[in-house]
Amino acid sequence: MEPSPAQASPLMRFGLAMLCMAAFLALPGIADKGIVFLAGTVALQMVFGLTWNLMFGQTGLVSFGHASFFAVGGYAYAYAARALPQVHPLLTFAGAGLLCAAIAALVGLIALRRSQGVYFAILTLALSQIVYLVISSSAALGREDGFTGIRRPKLPLGWTTIDLAAGNAYYYFIVVVSALLAGIVWWVTHSRVGRVFRAIQQDPERAAFLGIPVQRYRLMSYAIASGVAGVTGALFGPWLQILTPEVAHWTASARPILYTLLGGVHFFWGPAVGALGFAVLEYGTRTLHGISEIVTGAILLAVVLAAPGGILGAVARLRQRITGKERRP
Amino acid sequence: MSTPLLEATGLFKSYPAVKVLKNVNLTVAGGDTFAIIGPNGAGKTTLFKVLSGELFPDSGQVAHEGRDVTTVPAWQRVRLGFGRSFQVARVFSDLTTEDNVVVSVEAHRRNAGLGQRRPLAWAPTAEVREGVMETLREVGLVDKRRVVARLLSHGDKKRLELAMCLALQPKILMLDEPTAGMSPADRKSATELLAMVKERHGMTIVLTEHDMDVVFGLATKVAVLHYGEIVAQGAPDAVRKDPLVRDIYLGHGGAGAGHA
Amino acid sequence: MLSSIAGPLFNGLFAAMVVFLFASGLTLVFGILRVLNFAHGGLFMIGAYLAFTLSGVTGGSEMGVLRYVLLCALAGVGLGILGWLVERSIFRPLQKVDEAYSLIATYALLLICEGAVKAIWGVNFRSVPTPPLLADAWIAGDVVMPVYAVFVIAVGVAFYAALEWMLHHTQTGKLMKSVASDPWMAGKLGVNVPRLYAWIVIAGFFLAGVVGGLLLPNQTLSPNLANAFVVQAFGALIVGGMGNVRGTFLAAILLSVIDSFGSLYFPEIPGLFFYVAMAIMLVVRPQGLMAGGSL
């Protein structure tokens, strides 16, 4: 993101991100198991949301099928970890992500050339339904019952081996890897490639007239986002220790969209903030039958109608009001 | 002049109801500032788009340095050295002025095969920043480099778009109505800017324009388009004196100035 | 030999009409307001639940066809009123925001529908028997045709014919077409565009309610019903050509019949071929079956 005047300075934002990570790391010391479990899931969803916004907010691609990559990554890891237990788990995680990136590159090669905007969105929706149906009826993946007994692996690091099944080890592993993945997305966003993505998002034709190969960069964005999403899916399997086809359902693909809108599409950390806000919302209303959806829906509506900048947009406006008008360009 | 830089022969283009271009032939030599003028609806924009590669003609040929580029799409022509500005300036409105040019410089460097020395660094390299500052200085936008482009004035957006084109170091600069919608003062300074740019870089310019002061202030060659046909082509003075042109075109606008 | 074609064809047509009926209201709203309404499934579900409740209120376990049709109409009216409220409070303000945001808003509305159903009717499964007159089946050779399925196909074709007639042969239809192709120009020519938008939303909701009632005997009622047909309906809508009624009708038939035959040869994954065909169509013919004219 550009350091527009209403935003905090880069240093401050980096500090906030570190603070957030520290809070995640400190959590097991102060909260019960249920909360820690939720926090691990949220950490992965935060990154998952960031990857969706790499496509949407940065490159202008709307995907309705992002969860299919989460699912493919998850199932691919679970399957590979069982079939090839001798492979280093880090390689298996990375492999799941690479598989997703490769699939996205292949799909995008055809899909992005032929379709844009709502067509691309609906096409990804169709493809995600195919993934959902294939998983639901594949015996090797456990059909509707799910892929059960996904183990948290032992992590050989050369000088020592960490047993991720012990205590909160896997939770810490998730937090650290999530931070790493968020870092990758951050780097892509702020690099030369990210600048090109933003240019394409704002005016693809103008970008083409600068000699930018628009389709190639769109494909790159789609593949990177899908690859990283695949790794978050891969991490999720051992966390829950079971994967059901629900992770590939189109309603799961709606999640990152909701995170992004709730947090603020124009902000890099928007989807992460949105995922966090969403989790708080759901946790707060979890015991109320039906009310939970109504409250969530109503808040989303309010965001869209009254605060289209999302949570971070509202914060930025507030900062602007406090710091006064002289910082306006 | 041996091979003309840009040559159009026998261009025809029709839309369902109307023939827009009827056997258009023109020759742009290297170093020319070539202005396409004509009354509204004469087919200027269509001709411009055919030359830039946004539209393909129904028949006829567009050649660049002797090579047939008739069906080479616009974005590929950029690599041949075409730079294009739009009638309503198109800039990346949510990026800062500076970043608009950064994207352009980086796109040019990438296409020219000038790699980044540190591929992992996210900030623009020193060379890129240097190029950006030089271009911004040239169009006079250094002070506004941190302003988000959306907030720039109309004239400044045009300047920024010109900067983005210059960053590509084009051999042919294609300008569609470079002073459209400007106040007379802005128009004058834009004309001066273009003259200066031309003098410094010596590239060829192809432009369409309404304003005759701009045209006769800049052009070394003028083509007059009337109902899809070129009725006169040549040096500005010759075209200005052409009785046919005076009759069908300049005659209505009075004294050859102002809007046609 | 004939039955090996007629059977799947019949099943395909039945499925197609279910998708088309579901998509009919969606198509109207998308064709004119350009809002892809995720909430349509939620509205459909509420229509079904409403019809279910009304069938209890009006008493008697014996469900006559006339009473059944009346229930559907009532569910439609109920949803229509809801549509009026939603248009006022949500859809109208949405005209000003970006397309992507309106999509999220309709998704939020879907969540609210789901929540409302859970809060009002609970999460238990419920079902309604098919009206006795429709519960029979006709048998032609090897093909078994449930009367209810024949009824749904007939209603689907009738709805389609009615929509086509209204669009092409009535004053209202001409207004709708003019607004769909250029709302600004239509407004300049004296069409009350906001009022037309409001009526379209009401009509879309009404259709969702009616169809919810109509398909009630075929469905198990649960809060998941909202998600049942949305994706297929979107597929028919887009493959048909962006809110073109005829296109949606043809696309629903094309995709469903392909799926029906596909399932015959590849029964392991029911429903797969619908999406495969949809993806292929989107890639091969991204402008849709009926490109060009809207509605």
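To keep things simple, chains are lettered A, B and C as they appear, and every chain counts its residues starting from 1.
Criterion: contacts are C-beta pairs under 8 Å (C-beta built on N, C-alpha and C of every residue); 3 or more make two chains touch, one makes a residue touch a chain.
Not measured: the values here are computed from a predicted model.
Counting hops only between chains that touch, subunit A reaches subunit B in a minimum of 1.
Using the mean of the Cα atoms as each chain's centre, the chain most removed from subunit C is B.
The interface carrying the most C-beta pairs in contact is the one between chains A-C. Subunit A and subunit B have Cα centroids lying 43 Å from one another.
Note on chain placement: the centre of subunit A and the centre of subunit C lie 32 Å apart, centres being C-alpha means.
Separating the centre of subunit B from that of subunit C, both taken as means of CA atoms, is a distance of 51 Å. Across the interface of their complex, subunit A is touched by residues 36, 90, 93-94, 97-105, 107-112, 114-120, 122-123, 227, 230-231, 234-235, 238, 242, 268-272, 275-276, 278-279, 282-284, 286 of subunit C.
Touching subunit A in their complex are the following residues of subunit B: 74-75, 78-79, 83-84, 86, 90-96, 99, 102-104, 106-108, 111, 116, 120-122, 124, 146-148, 151, 164, 168. Here subunit A touches subunit B in the complex through residues 2, 4, 187, 190-192, 194-196, 198-199, 202-203, 205-214, 266, 329, going by the rule given at the top.
Residues of subunit A touching subunit C in their complex: 56, 62, 110-111, 114-115, 118-119, 122-123, 125-127, 129-130, 133-134, 136-137, 249-251, 254, 257-258, 261, 265, 289-298, 300-301, 304-305, 308.
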